[in-house]
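Note that chain A is present in both complexes that follow, paired respectively with chain B and with chain C.
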Partner chain A sequence: MEKKDIITAPQLFSLLFLCNIVIGITYNLPMAKSSNLLDHILSAIVAFFINILFIFPIYKIYKKNPSLDIADNCIKNFKKIGILFLIIYGIYYLFVCCYMLSLFNIFVRDVINPDISLFMLTFCVILASSYAACKGIEGIARACSIILFIVCLAIVFIIFTLIPQIDFMNYSPLLFNGLNDFKNGIFYLTSLSFYLPLAAILMPFIKSGAKKVLIATNLITYILFAIVIIIVVGALGDYLKTQSFPIYEATSAAEIGVFKRLDAIYLGIFTSGLFITISIFLFAFFLVMKKILGQKRSKLIIFLADIFLLIISLILPIFKEISFFFYDTKFIFVFTILTSFVLPVIILLKHKIKLKWREE
Partner chain B sequence: MKSKNIFILFELILVCFLAGCGKVSGLDEQLIVYGIGVDNVEGMYELSVQALDIKNNSESSTKEGQKTLTTISATAPDLIEAAKQIENQSGKKMLYSHAIILIIGKETAQNGIENIVTFFSTNHKLRPTVEVLISNISAKDILANENAENIVTPEDLLALTKVGKENNDVINSNLRYLLSDINNTFKGEKVWLLEYNEGKMYCEKIAMLKNSRLINVLDNDYTKGALLCFGKSKNICDNIEINDKRLSYEINKVKTNINFSLEKDKPIFYINTSVSLNLYNLDNNVSNEEVKSLIEKRLDNLIKNTINFCIKENNCDIFNFNKHVMKTNADFFKVNLNQIESIINSAEYNIEVGTKIRYMGPNQEISALVY
Partner chain C sequence: MLKLLKNLISKYTLQNEADFISHEKENKHSLCNSLKKNLENFKNSFDESADLTIRPIKVLNTDAAIITMEGMINKETFATSVMNPIVYAFTKEILTSSEKLEYIKNNILTITEQIDVETFEDAFKLIMSGFALLIFDGCKKALAIGVQGFNFRSISEPETEVMQKGSKEGFVEAVRINLTMIRRRVKNPKLKFEFLSVGKTSSTDICLCYIKDIVSDKILKELKKRISKINLQNVLAAEYLVPYIEKKGDLSFFSSVGFSERPDTVCGKIAEGRIAILVDGTPTALIVPYLFIEYFQTIDDYAERPYFATLTRWLKYLSFFIATLLPGLYVALAVFNPEVFPDRLISKIAYSIAGTPFPLMLETLIIHFIYEIMREAGLRLPRPLGHAVSIVGGLVIGETAVNAGLIGAPTLMVVALTAISSYVIPNLYEPTAILRLIFILVGGILGIWGVMLLFSVLIVNICSKSNFGIPFVAPIAPFNFYSMRDVIMRASWKTLSKKNKNIQNMPH
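Showing the complex of A and B:
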């Protein structure tokens, strides 16, 4: 009998929360098609409630049978059409890996070090992530707890060193330039809710407390996001408009006493976070492929996915023509809504119809 | 088992051969830049860098805490080319991450500094905390130290701007703040003016820029007024005359609140400044109240004259008054977006200064009674 991997609810929270932090670091204004970061605080409040709405169908499906993940539910409810749903989920998980790794490459090339060998960096991250994904969720969750602790220390340090640099004159009135920044912020933030489709497949690995995990991840992510924006805007002001990755830029200004010029350390910490994020999404992809192709063939697919991931994440930073599709907020928004809300709702409806038929 | 061995072997090969530091250049192959200077010479950029001279940095000299620095210059139509020339001259790759100051010559600043600031801000290794200064002589002369009595290092220059500092940066003139100001279309920029005079260097005056061009320099009194308006005290010493006697005082803490209001369509700024100061040479016979009101009047005048000079004469809002209008009355700001400059220019400025005096010198013992 195959041993089932089990993780605790706090470990699942760590995984989802760390993913959100890594996404937050590469939060950028050009993709949000926005110029005023402060309006995104209001966007975060709206995005929080949208996410609560998205949590509902995912949690409902899980609650019906806590041992089944979203992939099992697709097969159970739709049989052959369910495979199509699984393919969509598989593509989504792989897309998130490509998106995050390629964006991270752009971030490293443009902001950190243009001389760095992106091939080696990507290759090593994929190799380690792929290995971790094959090893299972328990190992990833344990590594995640340690990395999340270090990431939290770094965030606390950055926040406390930036607070004395806050200048209240840097705050403009909210919605000063109209509703565009606010609306674009909602779109962008909601489209980055990658953790919801991830949670849909990872929830059966915990014994209980899924609801609390989902609510806590959503709440803490947006509270942290709002705090970081308030501090970063207050400390950096209009300088943010000149920077592609404003949240990361805060690290270069965060210094106190002898603790200065620590961005190399932050990069190491963030890369560790990226490794966990890629691992967990590859793992999710692996789970879906296992359902479609079986255990043996899914390993081959993982290998092919790694090669695909390597090629795509190296090509995207170079060719703008292709990257438009990948970094188009509308596309990501639709894809995220499809996997986190539309498909789960369809599954729920099908489930209800099935129950009604049985009753009749 | 076989696949596991292959995997381990593959990782070993990776560690040994692929993940090496092939492209990384060692410290001795890099030109560690501490100070950067930019001048405009006949339409060309003259880039000067004060860098660590590794050859002459013997063990004995580093023990004394003294670094041997060397200055290298190159002239080219653009900064990137000038930087390449310096690399060709030194045979080393420039490492900007240790740079702490960027000096721009006065004449260059008059032609605009936006290109220079943007060039350095886009360099991934240069930190946004680099202090920007404008020098009254060429930046190259400042960095080369040819005329100065003692060798002046970038650390010394940085210390000149920070003395008497409050909250790290007195007038917020590093690369980050400067870029922030340049991006605010209504706000003027301000940086310290580095003056070289008879072999000595001073940093006591503020250079005022508009649309990233140097338009004027605040003299000592205007600089004092500006610092009071910013709510900062950078070693402000001043004096007043009372009964044919000079009284000196040193300001050690300033707090300024600026409020904006529209009264009968007339824009009015209320500037409330509270100052803590140490007073010297006070004669016991002089009435304390009289001294207090005289000092307050003097400080009031300093602020008033500075606002007149910057806003009325030079049309340059280095005090961010426009943001006060925006924050207090956003609708008014939006409607009058194109006339903000003239609104600030024609506004009334009500200044109120309150002082808290600490009597120094012979009267120190009774200071607790008259404080």
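Showing the complex of A and C:
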């Protein structure tokens, strides 16, 4: 893949932001091990600053040579050991795909329970995402900017329909139950910063403005997140505590004038957002695999990855043992920290040591 | 082996435009000195075709011949401006055959369009384009005299692009008449017409029209390269060229080559740096590069007040979504998510679904297929019969089927609304008709998820498309704020004329 400035900085922003929106709308209190969603506003503020810290090494590496992505830097600085790093990144991108798709399957199976084949639906999502990933970053990025526009309109509409339903009695004081929810919120939000390792591999596709993109994504994501929490808590109150997908429940309850039951909008946002998210993470996976195996062999791996994705995403909602491992915040947190902070820092250090050796 | 080598060499040379021209010259056969041999060659080449007319005459005491094609020349012009002056031509000087030809050309003939011909291939082409060919014995050159006068359809408003305001002229089948229609509207010396020939058997003339200073040289060069690679035997319609002009491997439902039968539309596009391709024998001009958003822009938009033009623009967008998505969404929501409909509406829909024997998806598909069959029949039948088919289809089949309980009234209404909406953007009818069917299938199998997923795939498909380096969905993605003046609204001419709108300036 030739890395030239084939996408614009706003398109990269829309890619990262849409991924965060999808993560945001699937925000899950049981998985966050919290009962008070309102405390997560404070968690979001802290998570924002933690992410700023994580951005630093990724951006520094990019700045050293804007034409190289994180995979190129791994190979350049560590030669054969770099392949091990690439495998970690490859697994991470595939893991995100599995995580998102299985979450979607859980949602469809447990919350909606429609009369359609879950296998067929999952298969179609994977097929469509693979098609988009094969079409390349240009197509995904342009489509993403259009889809993001539609999604933002839908979110604004949902927010406006929920505002009249806000009951101020639903708001409890912040940190009312102690610091536990706040801490778990930070943990959960930071672990879901999937966009940072993604940005590390996509940044060379833009000409300039990577720093602004990363900071803007981080800032706008958490602002939107805080707004959504305030509105959803105000509209649903204690009812939220028992819900796996609180934002879906909020849209189901939303109504304004003749518009009732806006859950269809939620389904639309979720499906199209999920499609873009899986497409872009699959694309990132393809990029890494190309570095490891070369152009020809990576095609086979892509096919195998699709099958793996299909199996895992269908198995996860059924087998609790595996799903616990997949949805364990600690595990996701470690994995995210490793790919978004630890490995970039190691690469950065190695680069500095190399420079010092040269100077000496 | 030799043939294979020749093919390889010819393939290689075709890649280079300059080489391509020299290659063409090499394969041409020169005229010879002997009139007899030349005439024999003409007769043999045309296999003594009935419309080839060879008239031996004596001009300035030298044996000569005039070759024409029956029906391709204006007989009156030919007689008065060519035959009469040639036959009665006289000179006191003693001239060679070549000099006599020059004398006739410079002193006798009054017709302005005269071309020196040295090869048989050029001669064939000109004769078949309505020229009269004058050949002298003892001369290796011939003179092609423009006396074209074949019958052609009179200029009328194109039926496929009817406009309320603006010109009522439409292209005709004769390419040269079409050129005059463009020239009359763009009185600019930089407007260039460039003739090329495509089709090994048909040798169809095609004409590239562009404005020299506005067009992108890169796009023009690429277009010529793609045209040089066309290996069709016959080119009987402009649409034959589309797959060759589009990007290689483009399997999208949407075409990135525009069509128009209106000279004013073509002139507008040329003025924005696009290239129009006129094909002899067809009234359709191809326009490249073409953007998705242009499907929604008509010449009427620019003749109306901006407010109303903006409203109609949005109606077109809405119609496109209705034509593509409505039946699929209807099936998906009615089958899987009926709760989203208002209570009274869902009771009507549920009542109608319960009263019909087929599942909703199948019912919608059946109605759609019946509609497509009737549309196709209506197009091919003579007009009086077409009306009868419409009445039979609309009233008899539709109403009877609803009354008999075979199909539901809401479904019929959805299909009817879809059908009408699809005619708001007639150029997009083909892709919307196919997509609509796919959306119904997906909506019936996977519900709202399937519809949204397919819609997202469709967006990726359109977004990843580009032609001549210009993204098909520009200026929406990549986004260009200033271009929105002619996308989300139709700004006034004062605003539109402020900034250059050339196609090569689109974000990419």
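Keep this in mind: the second predicted complex is superposed on the first by the 351 of 360 C-alpha atoms of A that agree within 3 Å, B and C clash if a C-alpha of one lies under 4 Å from a C-alpha of the other, contacts with A are read in each partner's own complex, and residues count from 1 in each chain.
One rule holds in what follows: a residue touches a chain if its C-beta (ideal position, glycine included) is under 8 Å from a C-beta of that chain, and two chains touch if they have at least 3 such contacts.
This is a predicted model, so every value here is computed, not measured.
After overlaying the two complexes on the shared chain, residue contacts for A:71 are found with neither chain B nor chain C. Once the two complexes are laid over each other on the shared chain, residue contacts for A:120 go to chain B and to chain C alike. By the touch criterion defined above, A:255 lies against chain B but remains apart from chain C after alignment on the C-alpha atoms of chain A. When the shared chain is aligned, no partner comes close enough to touch A:23: not chain B, not chain C. Using the contact criterion defined above for the overlaid structures, shared-chain residue A:37 touches neither chain B nor chain C, since it reaches no partner. Of the two partner chains placed by the overlay, only chain B lies in contact with A:238; chain C stays clear of it.
Within the superposed three-chain model, A:310 lies out of touch with both chain B and chain C [touch as defined at top].
Looking at the shared chain after the overlay, A:132 reaches chain C, while chain B stays out of its contact range. Once the two complexes are overlaid on the shared chain, A:164 sits against chain B while remaining clear of chain C. Across the two superposed structures, the residue set of chain A contacted by chain B and also by chain C is 114-115, 120, 124, 131, 261. Taken in their complex, chain A has these residues touching chain C: 8, 10-11, 108, 114-116, 120-121, 124-125, 128, 131-132, 135-136, 138-143, 145-147, 258, 260-261, 263-264, 267-268, 271-272, 275-276, 279. Chain C meets chain A in the complex at residues 333, 336-337, 339-340, 342, 445-450, 452-457, 459-466, 471, 473, 476-479, 507.
Within the complex formed with chain B, the chain A residues making contact are 110-115, 117, 120, 124, 127, 131, 164-165, 167, 169-173, 176, 236-239, 241-242, 249, 252-253, 255, 261.
Per the touch definition, chain B reaches chain A in the complex via residues 7, 11, 14, 18-19, 23, 97, 121, 124, 127-129, 167-168, 172, 176-177, 179-181, 183-184, 320, 323-324, 326-327, 330, 334.
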